[in-house]
Amino acid sequence: MEAKEIIARRVAQEIEPDTLVNLGIGLPSMVANYLPKEVHVFFQAENGVIGLGARPPEGMEDPDLTDAGGGFVTAVPGAASIDSAMSFGLIRGGHLDMTVLGGLQVDERGYLANWMIPGKMVPGMGGAMDLVAGAKHVIVAMVHTARGKPKILRECNLPLTARRRVSLIVTEMAVIEPTEDGLVLKEVGPGASVDDVISATEAKLIVQGDVPKMSLFSES
Amino acid sequence: MKQAIKAAEAAELIPDGSTLLIGGFMGIGSPHRLINAIVDRGISNLTVVANDTAMPGRGIGKLVTSGCLTRVVASHIGLNPETQQKMISGEIDVELVPQGTLVERIRAAGVGLGGILTPTGLGTLVEEGKQIVTVSGRDFLLEEPIHGDFALIAAHQADYVGNLEYSLTAHNFNPIMALAGKTVIAEPQTIVPIGVISPDSVKTPGILVDHLLERQPDGS
Amino acid sequence: MEAKEIIARRVAQEIEPDTLVNLGIGLPSMVANYLPKEVHVFFQAENGVIGLGARPPEGMEDPDLTDAGGGFVTAVPGAASIDSAMSFGLIRGGHLDMTVLGGLQVDERGYLANWMIPGKMVPGMGGAMDLVAGAKHVIVAMVHTARGKPKILRECNLPLTARRRVSLIVTEMAVIEPTEDGLVLKEVGPGASVDDVISATEAKLIVQGDVPKMSLFSES
Amino acid sequence: MKQAIKAAEAAELIPDGSTLLIGGFMGIGSPHRLINAIVDRGISNLTVVANDTAMPGRGIGKLVTSGCLTRVVASHIGLNPETQQKMISGEIDVELVPQGTLVERIRAAGVGLGGILTPTGLGTLVEEGKQIVTVSGRDFLLEEPIHGDFALIAAHQADYVGNLEYSLTAHNFNPIMALAGKTVIAEPQTIVPIGVISPDSVKTPGILVDHLLERQPDGS
């Protein structure tokens, strides 16, 4: 199984029924594919819809209905159109139950950096700072290392997205929960040992007893 | 009652050096005919406030290419490499603002508030040089209002009072920007007689709209 | 002619075509009756409608459509329903061209007191403070004296509604314009002399040359 | 999807001592069935935040009469002499807030802002004991957010997701309060199947609504 599929499948299990969920562009958007059929959630696209649906059949696209990446989507029954003030009001106001975002770095404090590499990549933060500051649960979905180098660090050296401890980090190698005491290793990924994870991670990991294997298929 | 005007006539109203609030999210819900007319007229030294600069050849991206802009205030420019190049070369000055903060700063201007107090951006680069205000023991960034000389609004349907309706994710920044431009120019897809739009469907009251573009030509 | 009719007729002449106007409860609401037919304005009721219409025929009232006094009204073609945030956003944001309000006292600074008499009448300010702080033009429409006592004073002794100089005071005896230099007597009412006005006014009035008579019928 | 409940069941959810945000303007657009159920259950020691207290025997006026309230935050109580009497006798504590400030403070709570910066109330009694913040040389009052334990919302039409539409001047505080209650109970006049309300007509997205009252009985 590809790293991205492992991550998306594992994150999908975190989603509670009847919640409002925002999925970032790229890897996070794959999470929707692995949600069990019986779990009903509303997906928010921050550009202005609650109740984001699948891509429409060819020829049935509406130029006024896209996701935050600009791709054509549909709206599920019961959807609502909202303007940007309402969209970010919901995010900042704590009405968004979960956001799943990509990451460049996360550190021992649970702080995320995911919006710029000074002198190299300055795309702008878009909605990321509001999402990390405001969502009830922030899940970082990312591959564990970048070109062999750890992305989970003692302290981020890239500019932070927010001074807020994220809720969970999910990689293909591990599920890690940032806590007040530091990063707790909760699960290890397929084919990885605890030692593998520790050596691919710069940050100190707290290992409590036996660490279970990541389960990739929902039990339902 | 408002006489609908041509895009070229509307562009004549805009002096060099103006600050324009322009609706749209990656070109969706942007006033494309107005943007084309601005490029045609070759207005210079413009500041554009918008969520993003779309991509080269589309929407606000055309203003970037044409050299009309000297300053951009946006949340995201990552999908327009030309904006990034011109930022690095110093041809365009870019201020990056978190998306939720951007829309709320524009709203504050429109509704007569002195700024906003937001948790977004605290502890990040966005904080630099800004007042921090403490309310009930919690810190907030004070972000100042953003006014426009003009607001250029894309709408789904208008009546000849100037009342506006929007469609799906083409709402985005439009209803908020319509509050904050000294002069508001609306570009609807269609215009219907006064009385056809239910009062409950109006999202921008016509009293906010100064000029109405004639309806989208049907191409016949 | 009754004092209130004189005042309402004179205020009506201040209203410019194609503007947004808010009329307070009571005397100010009478102004609408004296507006020349060819002057089209939108009346705002701050409880949530732009395009307030006349009282409906009996039996055709809509329980969901009232003015700010709770009386049944209609909506003119081109009307818009708005929520309280939009309604006061328009007021505070400077989109309301004129408000006409009753007054308890006005003083030489042009400051208005119209919302409470300590220990006697504490109804709450409702929308008055926002209206006086935010409207482009504030017209105070009131009888000149209360039980023989002047209401236009050197300095208000009742709690102020705002620290903002109102645009015009219209009574049955006079039209007075508050300026930086003080209160300028612009017109005298039917049957009143300049001396009558001065002796019914505690505040110092600036009298420049011949003061014209109030004209009570529009010229159109 | 939400099962619609009876008003009495909804009232069971509200503990003594709760803070209730209640929609309505002089009783128009108030959740009358919920109010009756609160009176019937005899909930005590309530704080009510609302534009006004209507009049005796109507809407929130019934809560005043019944003795359920110990505190009121409102912009106007002038048409309910009973509220004024109970304020003077000390039975009810009343905080008077300018109407535009009141709705914006509730919005700030709902959209996660730290408060509002408003010119309304500067130089008046409203200023007392509050922070003044200077932005670009201009003074503004800092007014703090107002949260509710419950928001009691009257709507025109709902679907079983909880999406809400409002009618004419019955919007007033409802769409804003729906953002700011920890628990939101909506009382629609009718409920339609999911998918019947266009996404563009939704003014309160269903994800904000926790409980839906069954539709207005038709009296047959």
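Think of it as A, B, C and D in the order they're written, each chain with its own count starting at 1.
Convention: contacts are C-beta pairs under 8 Å (C-beta built on N, C-alpha and C of every residue); 3 or more make two chains touch, one makes a residue touch a chain.
Everything numeric in this text was worked out from a predicted model, so none of it was measured.
Shared contact partners of subunit A and subunit D, listed by label: B.
Averaging C-alpha coordinates per chain and comparing to subunit A, the farthest chain turns out to be C.
Averaging C-alpha coordinates per chain places the centre of subunit A 56 Å away from that of subunit C. The geometric centre of subunit A is 29 Å away from that of subunit B, both derived from CA atoms. Centre-to-centre spacing of subunit B and subunit D amounts to 32 Å, using the average Cα coordinate of each chain. Residue numbers of subunit A whose C-beta contacts span two or more other chains: 49, 75, 81-82, 85, 88-89, 91-92, 134. Multi-chain contact residues of subunit B (touching two or more other chains): 104, 107, 111-113, 118-119, 166-168, 199-200. Contact between chains, as defined at the top, is found for A-B, A-D, B-C, B-D, C-D.
Interface residues of subunit B facing subunit D in the complex, by the touch rule stated above, are 104, 108, 111-119, 131, 133, 135-136, 138, 140, 142, 144, 165-168, 199-201. The touching residues of subunit C, when paired with subunit B in their complex, are 20, 40, 42, 49-51, 75, 77-82, 85-86, 88-95, 134. The residues of subunit B lying in touch with subunit C in their complex are 1, 107, 109-113, 159-161, 163, 179, 194-195, 199-200, 202, 205-208. Touching subunit A in their complex are the following residues of subunit B: 25-29, 51-52, 74-79, 84, 87, 96, 98-101, 103-104, 107, 118-126, 156, 166-176, 203. Those residues of subunit C that touch subunit D in the shared complex are 45-49, 62-66, 68-70, 75, 81-85, 87-89, 91-92, 121-130, 133-134, 159-163.
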